[in-house]
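Consider the two complexes below, in which subunit A is the common component and subunit B and subunit C are the respective partners.
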Partner chain A sequence: MSPAAQVFAVARREFDVERAGREVTVTTAPYIAAFVVLAGLAFGPAPSELARTAAGTVWLAVLVAAVTVGHSVAGVEIAEQSWDLLRGSVDPGPLFVGKLLAVWAALGLAWLLVSALVAVLFAAPPPGSAVWAGVFGTLGLASLSTALGVLVATGTRRRGLLAALILPAGLPALLAGTQLTTPDVPALPWAVMMALYAAVLLTVSWAVFPALLEE
Partner chain B sequence: MSHGATAVSEQVGSDAAPAAQAQPAVLELSGVSRLHAGRPVWAPVDLRVAAGALCIVTGDNGSGKTTLLRLAAGLLRPSTGSRSCTGRALYVRAGAGLRGVQTVAAAVAGTAGLVGRRPAAAAALTRLGLDGFAPRRVGTLSAGERVRVTLAAVLAAEPSLLCLDEPTGVLDERGVEDLLAVLRQLRAAGCAVLLATHQPAAVLAGADAHLHLSGGRVGRHDPVSA
Partner chain C sequence: MTAPSRATDRVLTVAAASTSLVALVMALAVAPPDAVQGQAQRLMYVHVPAAWLAYACFATVLVASVAYLLTRDLRWDRRAQAAGELGVGMTALAIALGSIWGRPVWGTWWVWDPRLVTTVVLLLVYAGYLSVRGLSDDRGTGARRAAAVGILGFVNVPIVHFSVVWWRTLHQPATVLSPDQTVLDGQMATALLLAVVAFTLAGWLVVRRRVRALALLDHEPEILDSEPVRPLVVTAQAQP
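Up next, the complex of A and B:
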């Protein structure tokens, strides 16, 4: 079985499980929706203040979503004792990419949901450069969530450690994503930074993933 | 070596010893040990398991059965020695291994699909008489039913080595018979099986070898007399 076929099989299994249980959806979507509403109440009601905080609210919510989605990478599998069978069936590389695709899709949808909510509730439609941030920012955060989700779940470490690791490491995505989502900010430097951030995290996560699986 | 442990050299085949040597080895452990808190769990083990062989592993709680099986399956790295395994090795703990939110049909197909054998899933359910379970969610099954369904997924995946950790603990008499029937099918297809259990009497009759772990020692027992 080729690595590409294994990636497809892992990703398909992830989407089948999500379709059956809606685990990520029910743990993430209401959480980030409530986050946006509460942020609106905290920063509003002045329209100028809401517009000024809209971009930051989007990326803070996506960063928080990366923590909740990260728990689904291996934590739930280990709790249900399905992790060992999965690991034995698939090589580390395809396992990483298959899981990454599922996490990326979840964070991409979270970004879309938050962006739509903020555009409506904050009356602050994002500029075109926000799409660049949405693609590469969620890719970088997905790489981080996938690797750290396994790191935290497979050891004797506490679940809370995932947030403590992801939030600081996701800071570049928060900064660059906020700038790219703010109107009238020069996009190119931040877009380059976001792409580099995603490339570095993807490369490092890919490289260390097999070691994270070893016990 | 601490624990006063002694090494064991074991050759496990599905027939008598000379025939076992002729069988291709699925698993070979050479001088393998695993350190836990700086001390070896058991003495270095040399183990050769031939295709289609059944090796029972017994021992008290904490004697290292799970460690040995996870190491054999490639989930743990040996601290010393080397491990080689031809084909794919799967490890199943207490008969669990499928996601609870999925239907039996989807979970078995998804697991078989990981090794490119999704079309074999339905046939595996039929072979084990589990067609009636297909639309049910895995999470709604009893522990015994879950073992049978997980074994269907393993049957469909056709591993070359299956490490079963305590599958009999949640099974009734019929469940054990079903388990043995599945193991016969797997072994007939060339799959070697390492099975750890606290209830060896139920499964020893068809075993090729019996390893007993105790106090850091790995000893060999006569499969039919333990």
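Up next, the complex of A and C:
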């Protein structure tokens, strides 16, 4: 089986598992909706305050959603005791990319949902540069969630450590994403930073992933 | 990779102690107080070297983590762990000293300043790095996971350093390594340089000794090039 075929098989399997169990959808979507509503209550109700906090709310929600999604990266296989079988039958590179595509899709949808909710409830439509942030920010966070999700899920203790690892390491996505989602902020430096962040995390996560799969 | 040597430790101890003494005299007695900040500015001679040493430690974690993943030699992992521990301590020290310095100069212990926030986040990243070692009971697995986090965590280090350039911030921008060549008073610069050298030497010594302690915990004493410990010999003497 070629690497591309393995990637396709892993990604397809991830989507099939999600379609069957709706694990990520059921855990992430209600969480995002609750987060946005509670943030509106906490920061509002003045429209000016809501407009000022809208961009930060979007990226804080996406960042915390990365933790929720990260728990599912290898969680199903570990629970069903099929992780070793998957690890043994697929090369590390294609396994990483297949899992990454699934996590990226989940985080991309989470970003779309939270952006739509914030745009409507906070009356703060995002600028065009927010799309760049959505694409590259979720790619960087997906790389992080995939690598750290496997790292923590395959451990025997301290599974709650995932949030403590992802949240601080996601700082650049939070900062650049917030700036790119704020109207009238010069987009170019932040767009470069976001793309660099995604590229570096993608490369490093791909490079260290085989070491995380070893017994 | 060379084995730790007690002779090198002795040289490092003497060098670190003497440099620290000279730096202390320069910082407290020779260098003038800042024209605006007064005596509080002297905290710079500890705050900046602590931050510098933290960066150096995190760079060591990166290099040692990559080396561990390539060689699977636990000696690299011990170097990464020792440097990570010292880096976390130095980051905490830099934050605490910055807060003490900020009180008289900014009028507050804490502000939501990009440099302060990113530094705290860096501390959390490397606290996570140290915690990852407890994910598994197996030594090799823990080392592998820690190496992965040690490499991923370094992404934040340049962001912390350049935060004072990229954002409008209360924190003073970089003076010595400034791109716009800001001039620092000669005596201040000398005191700061000496303090940086003293911290670097002391940090190097601490890491070496911690590496040796970790090796003992792994039941793998690192080879020392010093003479072996002589057995205690008790000789009985006849009473006159």
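Miscellaneous remarks
FYI, the second predicted complex is superposed on the first by the 214 of 215 C-alpha atoms of A that agree within 3 Å, B and C clash if a C-alpha of one lies under 4 Å from a C-alpha of the other, contacts with A are read in each partner's own complex, and residues count from 1 in each chain.
One rule holds in what follows: contacts are C-beta pairs under 8 Å (C-beta built on N, C-alpha and C of every residue); 3 or more make two chains touch, one makes a residue touch a chain.
As the structure is a computational prediction, the values presented were derived from the model and not from experiment.
On the superposed subunit A, the positions of subunit B and subunit C stay apart, so the two partners fit side by side.
With both structures placed on the common chain, the touch criterion links A:100 to neither subunit B nor subunit C.
Of the two partner chains, neither subunit B nor subunit C is touched by A:39. When the two complexes are overlaid on their common chain A, residue A:214 makes contact with subunit B and with subunit C alike. In the overlay built on the shared chain, the residue A:7 is in contact with neither subunit B nor subunit C. Judged by the touch definition given at the top, the superposed model places A:110 against neither subunit B nor subunit C. Vertex at the C-alpha centre of subunit A, arms toward the centres of subunit B and subunit C: the angle is 90 degrees, rounded to a multiple of 10. By the touch criterion defined above, A:54 reaches neither subunit B nor subunit C. Using the contact criterion defined above for the overlaid structures, shared-chain residue A:64 touches neither subunit B nor subunit C, since it reaches no partner. In the superposed pair of complexes, A:21 makes contact with subunit B only, with no contact to subunit C. After overlaying the two complexes on the shared chain, residue contacts for A:85 are found with subunit B alone; subunit C is out of touch. After superposing both complexes on chain A, the closest C-alpha pair between subunit B and subunit C lies 7 Å apart.
In the three-chain superposition model, subunit A touches both subunit B and subunit C at residues 214-215.
In the complex of the two chains, the subunit A residues touching subunit B come out as 1, 5-6, 9-10, 12-13, 16-17, 20-21, 23, 77, 80-82, 84-90, 214-215. Interface residues of subunit B facing subunit A in the complex, by the touch rule stated above, are 70, 73-77, 88-94, 96-103, 106, 110-111, 113-116, 118, 137, 150, 153, 157, 159.
Taken together, the subunit A residues at the contact with subunit C in this complex read 144, 147-148, 151-152, 155-158, 161, 164-165, 167-169, 171-172, 175, 189, 197, 200-201, 204-205, 207-208, 211-212, 214-215. Residue ranges on subunit C touching subunit A, taken from their complex, read 69, 118, 121-122, 124-125, 127-128, 131-132, 134-137, 141, 144-145, 147-149, 151-153, 155-156, 159, 166.
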